[in-house]
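Take a look at the following structure, please.
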Amino acid sequence: MLYHVSMTVNIPTDMDTATVEEIKAREKVYSLDLQRQGIWRHIWRVAGQYENVSIFDCRDHLHLHEVLMGLPLYPYMNISIMPLCRHPSSMHEDDK
Amino acid sequence: MLYHVSMTVNIPTDMDTATVEEIKAREKVYSLDLQRQGIWRHIWRVAGQYENVSIFDCRDHLHLHEVLMGLPLYPYMNISIMPLCRHPSSMHEDDK
Amino acid sequence: MLYHVSMTVNIPTDMDTATVEEIKAREKVYSLDLQRQGIWRHIWRVAGQYENVSIFDCRDHLHLHEVLMGLPLYPYMNISIMPLCRHPSSMHEDDK
Amino acid sequence: MLYHVSMTVNIPTDMDTATVEEIKAREKVYSLDLQRQGIWRHIWRVAGQYENVSIFDCRDHLHLHEVLMGLPLYPYMNISIMPLCRHPSSMHEDDK
Amino acid sequence: MLYHVSMTVNIPTDMDTATVEEIKAREKVYSLDLQRQGIWRHIWRVAGQYENVSIFDCRDHLHLHEVLMGLPLYPYMNISIMPLCRHPSSMHEDDK
Amino acid sequence: MLYHVSMTVNIPTDMDTATVEEIKAREKVYSLDLQRQGIWRHIWRVAGQYENVSIFDCRDHLHLHEVLMGLPLYPYMNISIMPLCRHPSSMHEDDK
Amino acid sequence: MLYHVSMTVNIPTDMDTATVEEIKAREKVYSLDLQRQGIWRHIWRVAGQYENVSIFDCRDHLHLHEVLMGLPLYPYMNISIMPLCRHPSSMHEDDK
Amino acid sequence: MLYHVSMTVNIPTDMDTATVEEIKAREKVYSLDLQRQGIWRHIWRVAGQYENVSIFDCRDHLHLHEVLMGLPLYPYMNISIMPLCRHPSSMHEDDK
Amino acid sequence: MLYHVSMTVNIPTDMDTATVEEIKAREKVYSLDLQRQGIWRHIWRVAGQYENVSIFDCRDHLHLHEVLMGLPLYPYMNISIMPLCRHPSSMHEDDK
Amino acid sequence: MLYHVSMTVNIPTDMDTATVEEIKAREKVYSLDLQRQGIWRHIWRVAGQYENVSIFDCRDHLHLHEVLMGLPLYPYMNISIMPLCRHPSSMHEDDK
């Protein structure tokens, strides 16, 4: 099932650079692994913002919850979620 | 270039059914044509709402503007737009 | 899977009473049928408002979408949806 | 009487882990005790958020107030409350 | 139990004056009757607005719901409700 | 003249307990004194919140201002104010 | 006592011009009369809007209420009100 | 030209009293000087709030900008601005 | 002096097409005339919306007010205004 | 392509003055360089605020993103972005 997730990141401006870089590096590894599994279907950056829009394909709500809670940047994020359906006008069968 | 577009549809409850159906039919034809051209990359329905989330791939802002103004349902829509970039953590080269 | 759905009803004040009563009667039949199937788990009225809070148990997002679109009062409703998980502190196994 | 309560938790990101874990452990014990008494009827986690939606069955407003003020996580929560009635379309007599 | 209720009235500007006056007259009778019973404890007008702030003393949420639904002006009102407790600093025992 | 005042208290979570208790004790003394003088007519606690709703009877706006500025908890409060009139449907002459 | 009042006017676009002009003419007469009495101390137009900002000097809240309810344009206005005090830094004694 | 300016002051609760008093004293001197020059036409305190509403008469936008940036309390203020015109119903020629 | 003006147009969906076209034609003539005089410095369309962002150069607030009130589409617009200054980092002397 | 960008700056009040001045100086150099290249077309200061409104002319969304991320003040800014088109009523061909 698909979920539309937008994530806004607010890292405190006084956090030391090394810690920030280390968290971001782990975030990238974590994201790529989920993308390769087909769970994190799309990730786009919102231009000019420290924010992304993503599409997740999860087994159920709990699966989504665990995937998001595992994000290394989660404590610094505001997240909003919308469940998505395949649109009847979509020409894709699997863009469900 | 990619644009994240969300469209909420508010058809007046007193519009006659035949007119509504005719507009929706033209909307579907219009959407499928743009999907086949690769301009309307994705369209998902927001569960439980008369609303979709879409990704458009347009040459420039004017192209996007004309595509949206051509929507048969445009006069009944609220639209919000965010310009998107390829995310540096994306494993896709062309999910720009 | 569980969904938290709140529904606010805005029937136009100039709609004739017989039509309103007929729609409400169909709404009640529709709701009771879904409750008996275990799909509409809970429905509570928000005190003092023409609004309810409900818990739906659906197979997936599309199932929820179809159930809500079938509501006789749907054209007069504002709906907001949150996907729910079983809480780790819940003493119920199936209050998932 | 039933109350719909949603609780959003905002623990400061710089609080030490041991303290956080200790508070959460006390919160769980407190919640389970109230569930067993039938006062905290339902608790669901909102997917992807550090937030829950709950239904309380209290004797009166003061009872609700004391139950909520006793939450170990209360100082870190935003809480919103709606009084609920049994819905006339509910098939349950006691889902009041 | 006490409830804080604020009511904002929006009568359509094209409703004929006789109907408006008739509804308002019934509203006043209804209100006075509830005041005499001790159910509608206080009603104040918000200066400069077609709005009141009221304190109701009801047996339970359902009682409040029925009292509000019976308001002749209810279809033209926006209502917001907060459950109140006696304040520990109050010098009144029964201003519960 | 009557004023509807709602006060929300936000005490920093890292303030030491003794200081908090001392301020609250002074707040209670201050409140009771004004209640006895008939200036602070009503104070109710909003259930589940660190918030009260109050009715003040002051000589004029400046009197209200000075009374509120004198609150020991004022630096930690958000306050909103509405001037009230006696409602023409009120059965009380002095619930002005 | 002084009150800061902002008034936004929303005349329906389909009201006939003669009626609009007649109401506006009465509004102007009404306003000038109150200005001459010293009750409507200031009236300014917000540039580019059909909106004004005004300062009223009234005996009490009820006086303000009656003055505003008498505005010929009142049924088409949104009004917001703030009670004002003389500022301790003001060099005017009577700009109370 | 006239500008409507509202200023809300948020001084951190942990700033030492002597510094606060020194800034406020400079603020008062600064304000009185501008009032004497006819630039700061009116200043009123919003009852119960640490907030004022003011009317400035400046040569142009830049003049207003420099006057506001010079406020000793500026770093702790939220400011909102509306350009004002003389109202055609005003009886004052110079309350422009 | 410069003003940043954003205009959102909401033409009723049931207005007849000929009237709409006639108003838009007058709007364009009006706009071009003001642009040639250097009063309407810039006008841009917000992509995907029936909305523009404009920069006006007016003698004073009243001049701006009269220019905006003269817009043939004014009755169908929501307008918001911000006074602008030349930015100290601007390389243009006259982009005041 | 044009983008409307508004930037609000929130520098912590406890940051030392030398650091603030150094960042602002780099911001000015950075801005002037982009203005000379024709990328940062316009920058205006919003009167009375620590905020600017700007027009950027970028090759694409990614170009805009990199330009904004390079702002020395970026970590202290809230930014909002709207893609712009040439307006059909504009008399300028290149005010695209």
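Letters are used for the chains, namely A, B, C, D, E, F, G, H, I and J, taken in the order the chains are written, and counting of residues starts over at 1 for each.
Basically, contacts are C-beta pairs under 8 Å (C-beta built on N, C-alpha and C of every residue); 3 or more make two chains touch, one makes a residue touch a chain.
This one's a predicted model, so the numbers in the text were calculated from it and none came from an experiment.
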Contacts common to chain B and chain E (chain labels): C
Joint neighbours of chain H and chain C, given as chain labels: none
Chain D and chain E, separation of their C-alpha mean positions in angstrom: 29
Chain centre separation (chain B, chain D; CA means) in Å: 40
Centre distance in Å when chain C and chain G are each reduced to the mean of their C-alpha atoms: 45
Chain G, residues touching no fewer than two other chains: 2, 45, 47-48, 61-62, 64-65, 81-86
Chain pairs in mutual contact under the definition given at the outset: A-B, A-C, A-D, A-J, B-C, B-I, B-J, C-D, C-E, D-E, D-F, E-F, E-G, F-G, F-H, G-H, G-I, H-I, H-J, I-J
Footprint of chain G on chain I - complex, ascending: 3, 5, 12, 61-62, 64-65, 68-69, 75-76, 79, 81
In the complex with chain G, residue positions of chain F that touch it: 1-3, 60-62, 64-65, 81-86
Footprint of chain H on chain G - complex, ascending: 2, 4, 27-28, 31-32, 35-36, 42-48, 52-53, 55, 82-92, 95
Touch list for chain D against partner chain A, complex: 13, 45, 47-49
